[in-house]
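Here the structure comes first, spelled out in structure tokens, and everything after it is commentary.
Order of writing sets the chain letters: A, B, C and D. Residues in each chain are counted from 1.
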Amino acid sequence: MGELAQAYAAVRQRSLRIAAPLSSEDCCAQSMPDASPVKWHLAHTTWFFETFLLEPHEPGFQPHHPAFRVLFNSYYNGIGDKHPRPRRGLLTRPSLDEVRAYRADVDRRMEALLGGQPGQALASLMVLGLQHEQQHQELMLTDLKHLLAQNPMYPAYTPEALDPAAPAPALEFIEFDGGLAEIGYNGRGFCFDNELPRHREYVAPFALASRLVTNGEYLEFIESGGYRDPSLWLAEGWDRVCAGEILQPLYWLEEGGAWREFTLHGVQPLDLARPVTHVSLYEADAYARWRKSRLPTEAEWEFAARQAALSGGSLHPEGADGEGLQQMFGACWQWTSSSYAPYPGYAPAAGAIGEYNGKFMVNQYVLRGSSCATPDGHARPSYRNFFPAGARWQFTGIRLAR
Amino acid sequence: MGELAQAYAAVRQRSLRIAAPLSSEDCCAQSMPDASPVKWHLAHTTWFFETFLLEPHEPGFQPHHPAFRVLFNSYYNGIGDKHPRPRRGLLTRPSLDEVRAYRADVDRRMEALLGGQPGQALASLMVLGLQHEQQHQELMLTDLKHLLAQNPMYPAYTPEALDPAAPAPALEFIEFDGGLAEIGYNGRGFCFDNELPRHREYVAPFALASRLVTNGEYLEFIESGGYRDPSLWLAEGWDRVCAGEILQPLYWLEEGGAWREFTLHGVQPLDLARPVTHVSLYEADAYARWRKSRLPTEAEWEFAARQAALSGGSLHPEGADGEGLQQMFGACWQWTSSSYAPYPGYAPAAGAIGEYNGKFMVNQYVLRGSSCATPDGHARPSYRNFFPAGARWQFTGIRLAR
Amino acid sequence: MGELAQAYAAVRQRSLRIAAPLSSEDCCAQSMPDASPVKWHLAHTTWFFETFLLEPHEPGFQPHHPAFRVLFNSYYNGIGDKHPRPRRGLLTRPSLDEVRAYRADVDRRMEALLGGQPGQALASLMVLGLQHEQQHQELMLTDLKHLLAQNPMYPAYTPEALDPAAPAPALEFIEFDGGLAEIGYNGRGFCFDNELPRHREYVAPFALASRLVTNGEYLEFIESGGYRDPSLWLAEGWDRVCAGEILQPLYWLEEGGAWREFTLHGVQPLDLARPVTHVSLYEADAYARWRKSRLPTEAEWEFAARQAALSGGSLHPEGADGEGLQQMFGACWQWTSSSYAPYPGYAPAAGAIGEYNGKFMVNQYVLRGSSCATPDGHARPSYRNFFPAGARWQFTGIRLAR
Amino acid sequence: MGELAQAYAAVRQRSLRIAAPLSSEDCCAQSMPDASPVKWHLAHTTWFFETFLLEPHEPGFQPHHPAFRVLFNSYYNGIGDKHPRPRRGLLTRPSLDEVRAYRADVDRRMEALLGGQPGQALASLMVLGLQHEQQHQELMLTDLKHLLAQNPMYPAYTPEALDPAAPAPALEFIEFDGGLAEIGYNGRGFCFDNELPRHREYVAPFALASRLVTNGEYLEFIESGGYRDPSLWLAEGWDRVCAGEILQPLYWLEEGGAWREFTLHGVQPLDLARPVTHVSLYEADAYARWRKSRLPTEAEWEFAARQAALSGGSLHPEGADGEGLQQMFGACWQWTSSSYAPYPGYAPAAGAIGEYNGKFMVNQYVLRGSSCATPDGHARPSYRNFFPAGARWQFTGIRLAR
């Protein structure tokens, strides 16, 4: 079995492993339009392979089910109609078992395609499909977490305990000289089109916090009245605070002055040493202002990240525990002050696949790094994640800059 | 086993039989705030027995699960907090299996209570609980139908075929003298509090259509431009037509001039001889005006219904096939022009159980008769069903009057 | 000048007198979709005469301005397009002066028509136009009051003082025998089509409160927790209470435990002896339940009203001060428990004018009597006013029944 | 009279001149939450001087009217409460005359302050107040235009004719070398804080269109199906197209294939040689993509603008008529692809005045240049205007880049 076939098998199995502890009910429900059911993720990632690989490349291609082309199309206008996003949770059919059978059928056919010595273009597309599925693996966990949080019983995803983190090291600001820097991917492996082209940007001297902001530090912000002082907030953020939409990090729970946090391990006492997570850009920005700091630009972040260690692979962000620049990867995605925009000379691919990234480059902000829920091997310094400023259901955190 | 215990067992088993062909996914999803998941119905009807019978009457009562008191409270403020209605579909836990276990536990305990020679008050409450569950049995079918209709694959609930109905007999108007009539229940069996007190109303002479309006007759209305002529419509109804919310009966499908209808038997050719169903009061009223008729008042309907035959028990309304006053029961609920209001001297029961009917007596309209989905034994001439004028997901139909 | 011409002149002048203390800005703004600008009322009442009288009956009719047919059409689909109701306040053109000129032009032409010995049909239509304008005169005051109340400076419409009312006489319940009653108009003067046909209704024995509920009595309801007890409320009303939409009568103001009320005379101390006004049906119903009473049906009200004295003509409801049945007219419109429905045999007029009343007969409730803002000569025992259950900007009050 | 006093008098008088042709009704109405009434602009600009200059600096300061502090506060949380923005059009009081008296009173007091040899800080604040009023002068025209456009009679602001423009010169792309550029204001006059600090940015070589896109060119885009092809649009823009919110430039009117445009001169035939205006960023971006171009970044625009000529001062954008880089100023604001973000090291002023710009730096896009409605002397190459991507009621246009 070739390397690509091995990668294919590994990634595809991991999706099923994420779903394994869940009932078919858990996999079907949708808690908000932004979040999709686990079953839908399992089907859509399969649809991606069926539509972009099998359909053009498999001899005598027949769709697994003719309705799936529409049901599991996320947003590709070039492919055609789409089942409306806010109604994904109403698809009780096909059942979870039928979706598993869909996966098995496509896997079998993909393995045949892979066995046939795919050319460069096909191999690239296959890698894209795997990277795509890894992105959805992270969403499976964050979307599921959001769903479970709607249940007043706050069920846990995993029975495993969550141990207290060691006290966080002091937060220090590490200085960087900046200069005329090369930004964007320049390796020989895979990257998304939004990481290209590599280009020059001038980066003024700056300093970056050595670690993420902790729950303990964020709690000080709350207790000192951070959510009651409009001078700390962007106007849009303050509007949301006043509307009662943003009052504390998304999954924090307060009762009689005691703080707890809903996690994939269930409700836990708030661990002051772990990084604060599930905050919006508005909160990250307000916290930074309160701390007389600011959020980094994405260029600053990437400039600093080149020597950072990759890590990850848990269900809740771990605390910092080393020296130098820590938690650049594997704990929380880090809000930057950079809006999501094309790099100079950016050109999306031709055809429907070109809708992957480019058409979303407005009114979103770049997050850098990776989170505890990001699959191993999926992160790199040039990676650009992006969400609207108000999004909180991802594992988002705060890295300060000055 | 006493009569009541037999009735208890029969009603409770029927709910499970309704759910039997469905997957746990089918039972969990919620298609709109007005419709509840089948699983929720199974749990809520059980909650009714647990809360209103076991809790006050079982020695050493312990709740099956402390969270269920809130999760499965529909609208009883007197009981306390309620899980928000539009979020019932997000309760993937408890699972369908756990809800079945909840039912079994409560059934076991109820049977013990029943075996202990319940007094009159308790027996009355038990009958109310069974009548309540029968109401939810009809809702299980209509709510499920609405859910399945959201799926572009239009899955059928039952694999059984739906045979074409025989041609409908001519629609005739049967004359009634009216006079000072007694309205309301006066039998010795069960009735809901909203059917009481029996009281006098003056009913002017009137005529009632011998059968329900058929699909064929309604199609004529559509084809003659009924949905394009504001002079036929109540202002609120016309607003909905203009907003595109009401364009044809809820489950009708048109493609290239051919009409089909989604039913619990799947998508079927429109059967012109069966009664039109899933129409709002607005549509019923507009149709009647087009036909130079009107809808009956509830007093007229009840006046006429006293000799009508009870029937029912299918998954789609049957056609008319006899003489005289037909389809008063067992095909479609029939919109009346009467708003849902208390009878003179009406008094709800004390306590939370008094919230059953009285607090809904505003901005709803009375429907009379029963539908194909109404359980056997649940209908009677004095029965008052009620829904907002725009509701269409019940098996609602049109009985004309003059 | 004939009687009709005199009536025409008197009614038309009164509209201008209502607008006289107002600036053109006051006359242009619209505070909510339900309320219209004074200028719009001045124009629409003129449009009514132009469209329904001049257009069909004036030789060589030419419209005053071709755009006005759409701009000032309220809701007559039979006439054609309508400027959208929520956007009436954006019509800064035509100016108030131009609308006054429009009135003068139509008045001149109407006087010519009136001088020509109009036949019975035309005379009836003219009376309808005047009654229509009187209805809008009341709306001019209530809509303006709503607009002024949006201004944090709470400007007064009139500089006149509002004297304290004498203490209210004790509230007594007056008994009525009921029986088979004739309901509906049967005089020889004008009535609206919704008061016809006169017909028989059976009215069970009942008792009616001798006067309206006072501010003082309603304040007791508030202070005893009336707005915090769901058992007193219709479910829809309680939803609005919980949503913060209904917390006290519409124009009541509380500061440090002291209650004031915004009136057309400006903000005044709450006069405990005057009737409570600007309450919804939900509040009237909840108050009645708290008082172990109920709201009357419209038949009961009309049955009792036949000997009641007509009075009215102020800018705020006066207190009760006599014996027997008081305040049936001239203080506040009185919510009934009757939904607005056609009388048996009701038939609207042919053509667009038939849209006047009939198409609104759904989801509204009947109010009986008249208010301080109702023009003299406009009220009668059979008069049926109607508003949605949540409407509060009219001079609505509470008459209890048992 | 000093230079500053002269400037004060000139700017203040110009606001009144803009309002002069309007009735008090025209000045009072508000067509949407984003647009304010002319009267409100006249009052708010006066409030700015009263609050930020007179209150701290006038000996024995007394407010003109105590309620105005809240009524005319736009968004300064540091000052206190604000009348809700969407309800500005309901303020029929104070009247337009009272607002003129407010202006006269503040002007008199400001002139006294100006006569007293203001120090540097006070003078700076005064200049800020004048620049602020100039910004509102542009808004008075664009907000008024939006209001007039809601009236189906499409009234003109000015009776002056709008002559056809000369044919537009060919659109050429002018090449720029780019390099490490200094961006931001570095003159000795006034600039807003968002133009600072001047800083270095690397600008790659680029080309900029010699003039704005014309109506004629944009019409080709429409006629070739530009609004029907999702591949041209950002996803958010396409959603708006599908929702029917964006179908053609805001004030374009089509009837029977003939295109006209509503302007402050009334409805005019679409002038193919004038620049297209009142387009959103979504439309600008889609047009650029169709033209195989892109929008410039703000750094590119500023880099190119340094030699451009300033011009302006009309009520509708003029056509291009010269050589080289034209219409950088005085025709239409030009959408850039740059989100509105702080320059490196940006720090807003202390206190409430610091809310002027900084708190809006999220989810908005920078527009560069100036428009026909921008007051003379208000534009400069470093000026940063900003609006949400969907805003269309400003004089926005399209400058292409490559």
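Following the convention adopted for this analysis, a contact is a pair of C-beta atoms (placed from the backbone, for glycine too) under 8 Å apart; a residue touches a chain by one contact, two chains touch by 3 or more.
What you see is a predicted model, and the numbers here were worked out from it, not measured in a lab.
Listing every chain that touches chain A and chain D alike gives an empty result.
Spacing of chain A relative to chain B, judged by their CA centroids, is 45 angstrom.
Rounded to whole angstrom units, the spacing between the C-alpha centres of chain B and chain C is 37. With centres taken as mean Cα positions, chain D sits 58 Å from chain B. Counting partners per residue, chain D has no residue that reaches two or more other chains. Pairs of chains meeting the touch criterion are A-B, A-D, B-C, C-D. Those residues of chain C whose C-beta lies close enough to touch chain D in the complex are 23-29, 31, 39, 67, 70-71, 83, 87, 89-93, 95-96, 147-148, 150-153, 155. Taken together, the chain D residues at the contact with chain A in this complex read 75, 77-78, 180, 199-202, 204, 230-231, 233-238, 281-282, 285, 337-339, 341-342, 344-345, 354-355, 359-363, 389.
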